[in-house]
Amino acid sequence: MAVDESGQAFHHPIYSFLEKMPGLSLGLTTADQLLTWGSSNSLFIFPMATSCCGIEFMAASSGRFDLDQIGSIPRGTPRQSDVMVIAGTITVKMAPRVKKLWDQMPEPKWAIAMGSCAISGDFYRDIYSVVPGVDTFMPIDVYVPGCPPNPDQLFAGLRRLQEKIRAKRNGEWTDPELRPDTPGLRSPNLPRIGDPRREASLDEAQLDAVMNLDPGGGMLRSGDKS
Amino acid sequence: MSTPDDLASLLREGFDLEPADPLTVDRSRVVELARSLKGIGFEYFSYCAAAHYPATDADPDRTVVEYRLRRLPRDEVAFRVWVPTGESTPSLCGVFAGADWQEREQYDLVGTVFADHPDLRRIMLPEDWEGHPLRRDYAIDTRHHPWR
Amino acid sequence: MTEYPWLWGGGFALVLITVLMGVAAWSIWFERKFAGRMQNRPGPTQVGPAGLLQPLADLLKLIQKEDITPTNADSFLFNIAPPLGLLTVLGGMAVYPWAPGDWVPANLNIGILFTLSIGSLVTIPVWMAGWASNNKYALLGAMRAAAQAVSFEVPLLLTCLVPIILSGSFRMGDIVEAQADGHWFALWPPGPGAVAFVLFLLCSLAEANRIPFDIPEAESELVAGITTEYMGMKFGLFYLAEYMHTLIASFMGASMFLGGWDGPGPDGLHWLVLKGLTLYAGIFWIRWTFLRYRADQFMAICWRIFVPVSLLTVTVAAFWRVYA
Amino acid sequence: MAVAHSEEAHEAPAGPVPTVVRPWADPYLDPETYDPEGDLMVMNLGPQHPSTHGVFRVKLWLDGEVCVKAVPYPGYLHRGVEKLCEKLTYVQIPPIVDKNDYVSPYINELAVNMAFEQLNAVEVPRRSQYLRTLGAEMQRVGSHLLWLGTFAMDMGGALGGGASAFMHTFRERETILDCFELWTGARFHYNTLTVGGSRHDVPAGFAEMVRRTYETIRARTIEYDELIYDNAIFRSRTEGVGRVDAKLAMELGVSGPILRASGIDWDLRRDRPYAAYGELKINVPVRSAGDSLARYEVRMAEMRESIRLVLDLIDGIPEGPICALKPVKLPGAFKGKAGQAYVAVDGPRGELGTWVIADGTERAYRLKIRPPSYHAMALIPYLAPGSTLSDIIVTLGSLDPILGEVDR
């Protein structure tokens, strides 16, 4: 069974016709499983390592834990990565950059929020300059709680992500990961992505801020192809 | 830590100050004091820090700026100036290159204005930020559309 | 086979490319395991037995990735550069003798010149990629690559002159045959061959952008160098081309200086493969041990040391050829 | 036992340290005035770049590959720690400052707690002083190991020899974190120090574990020298690169290994002793060259010195209580006296100070962290002009910045 982006069953006349052909669906399913196996076993990581969790991310890629075991290697450019690991606090000044890099990553892509700062802002969540959780501006697939999480917890998170990728491609329902919440602290001002209270104008404002980001310097060539 | 003799005599004779930690000097003489201290070997610029005091019955709304210099390896001296809000204090950039970033940071966070600073821009917060977060009347959870 | 040169060449090329691609892909697995051993870590273990299926998973992942052409990029050059890069690298294998006899796809009498010239063409796709990406890191990487190619072509060509002079032929097969029965140029005549062999390997490292001369793709400076804006299979092609280039350089070194298919016992493909892959692993070893030179230092090394020394070896080889 | 190779100082490069020539390096000058044609390429290094050690941004004007002007933009990790410290009580502050310099959290805790102790005139028991010294020195080794790995990676790339050095130093760093985990229960962010002493006494078997760990590391430092220092490529990449003028460094408030590599013999541990350092003999390594290689030598020598201190200390910790006051857990249980204090300790990156104004409640009125990295990063506009992009990366790595501390 084919599924679309949101995990729902997908019907199309051509597809139904193909499904009736003897043997073809078997082949397609096998091919699909093979592709799923490939994409879930070769997760190149874009480390958005800003603070303490970045050090634990480095520890995870070092000898004792070794991300390379499950085929994950850190890449420096978002274009060649599949998973963005947001390891550390994201500030208001950094947030548009993070969103821009996330938008630059080619599909299929996933995001892991590593550490409580990335998940909810933790004890910085009430601070004027800290974004209360990265899921207020980009979708997150897996939350890895901890301050900072141990490297093996990051591994567990990557394993969860792999299972999620396989299940979704097989058309199975996966529960959206519950965001761990810190008791006793107020919830963030902004509704998260997927929250029914979230207004479309907020998305637009955030996208606007990203598009109007001017770091200075500009393009090498501009305008001639737009 | 006891005050070294040359420092004590410089302060007493040049500036009418008793050695203390920290000294309090008038805004008009702070650059002169820094230059004299540099002259007797206090060449290490340790930090510049400011704190905000809201208006009380006795005093207006103001900030205090403290500088600390060291003469390596052991001696150190700290002096502070009081700056009423809305006025400025002379910058030490002309004396110590390190005052540049330090004063920018205090301007950014506390809001003290340093006169004659060559590059008084925000350093920690985005350029379009409003307000100075370390002032006592600044709410810690101030919102900043659209990110928080 | 000689009655149908086109058929022979085409079939040979098809088999050769398939095998070489496989070897290059699985050498990535080997490199990851090898680097892991050097760094006290296991390397890939989970995907297939001992992580052996890791390159397959990477490949399947890469072909599924979305293909984005950046807005201000030159889309034609941007898209044509990766296949062109692989093509120029693969072209070098066309004149390569694999075993005694006619085991060569195209037996050119100027084989070695062909290999060298088509191998140096790889700079052009690299430059195209860097220019078309409209990315400053990529542009800097491309500039560095061009400067590097211009400099390192000179000693590379000069070192290749040594076996040409000693064997008296431009044909790859003749060069290998001249070394039959253990008269490897790296050993005999003593001096020029050995020096030229070392220089050839170093220059090949530079040509293939490997550490310590990998400045066009200096991860810590230029993020990913020329491939910064490339994704999916286009990036995969560049990556594969880099490994292919290294592989071809190792086989070139093996056949020009180490006697090619010659060896104790029966001659044949097995000796060539053994020698080539040993050199290939040696290049990995160098890569995972050394740091990287700065661009200007490394140009200085090229022009101040490599070029004079290679000129000297050519002269010595010529004198040997004439008087000995 | 074999002697480590970097013990001997390398020859200082001939000639004086090149001083900055204005106007190219003038941090305030608008590039428009010397580049009216717009020929220079403006490159934003960071905030997300593999070699900026976090989220640091430098705007570079490049002429070819040579930098003409550099303007740093910190603040991408500004988390408002100082504002938060105004809102939290004295008991709640140490776990917050742990996150400032996340590579040496123990020394951060030490700095704030010493400031609070000076403010309230609390005498710390002798055993706790020794434990603090032990922890600080253990942490310094871990911090320098991380620096060594990342510094090598700046030159060798994530897919090359640098990564090998990185993996080796992280192997040792993990064992140090294991020691701390046994002691305080956390890999980092310990929250183990409190006003008046420590919360956790050393557990059984700790001395044995620390001795084994640090003796291994002492043997391995020689291997690092063989792998990195003896390598001609490393020498040529670092020698004469990023030379820091001592006068300029002092004006900017640069401290720690960077200042010591520029020929200034100053170490707060020796010159204004705190904790138990007054009772110990500390050799302070000094180099005069001021380049990246000198900074490497100073850090390696410091690392060996710290290992020696750890191995000396671990057997000589006096008996007694570990905390002068009853350790409190309720946030509001500790009330400070009014006043002001500035206390500086010598962290792995230099003078780590805490300036605190208290008004007699359970909260500090104003607390400023004086981070050494922030001062070191102010060197960038002076060091970058005239060097190539590759050299800027090396210089940045040799300054060992921790961005959590720069931006706070």
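Residue numbering begins at 1 within each chain, and the chains themselves are lettered A, B, C and D in the order written.
Just so we're on the same page, contacts are C-beta pairs under 8 Å (C-beta built on N, C-alpha and C of every residue); 3 or more make two chains touch, one makes a residue touch a chain.
Quick caveat, the model's predicted, so the values are computed rather than measured.
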Task: Identify the chain pair with more contacting C-beta pairs: A-B or B-D.
output: B-D
Message: Mean of the CA atoms for each chain, then the mean for all of them together: which chain is nearest?
response: D
- prompt: If every chain is reduced to the average of its C-alpha atoms, which one ends up farthest from subunit D?
  reply: C
- prompt: Taking each chain's centre as its mean C-alpha position, how far apart are subunit A and subunit B in Å?
  reply: 44
Message: Could you work out how far the Cα centre of subunit B sits from that of subunit D, in whole Å?
response: 25
Message: Rounded to a whole Å, what is the gap between the Cα centroids of subunit A and subunit C?
response: 37
- prompt: Per the centroid of Cα atoms for each chain, what is the distance between subunit A and subunit D, given in Å?
  reply: 32
- prompt: Touching two or more other chains, which residues of subunit D qualify?
  reply: 41, 43, 49-50, 75, 78, 80, 83-84, 158, 167, 171
Message: Two or more other chains touching the same residue: where does that happen in subunit B?
response: 124-126, 133, 138, 140
Sites on subunit C at which at least two other chains make contact: 39-41, 136, 219, 223
- prompt: Okay, in this complex, where on subunit A does subunit D touch?
  reply: 48-52, 54-56, 58-59, 62-64, 74, 76, 88-89, 91, 93-94, 97, 101, 123-124, 127-130, 147-148, 150, 215-218
Field: Residues of subunit B touching subunit D in the complex
entry: 1, 22, 43-47, 49, 51-52, 66, 68, 72-74, 78, 96-98, 100-102, 105, 109, 118-119, 122-126, 133-134, 138, 140
Query: In their shared complex, at which residues does subunit A touch subunit B?
result: 92-93, 95-96, 126-132, 136-137, 188-190, 202, 205-206, 209
Task: Spell out the residues on subunit D that touch subunit A in their complex, using ranges where they run on.
output: 41-44, 47-50, 54-55, 57, 59, 75-80, 83-84, 96, 99, 102-103, 146, 158, 166-167, 170-171, 173-174, 177, 187-189, 403-404
Message: Under the definition above, what is the set of subunit D residues touching subunit B in their complex?
response: 27-28, 73-75, 78, 80, 82-84, 86-87, 247-248, 250-253, 264-267, 270-272, 340, 342, 344, 351, 353, 355, 357, 365-366, 368, 370, 374-375, 378, 407
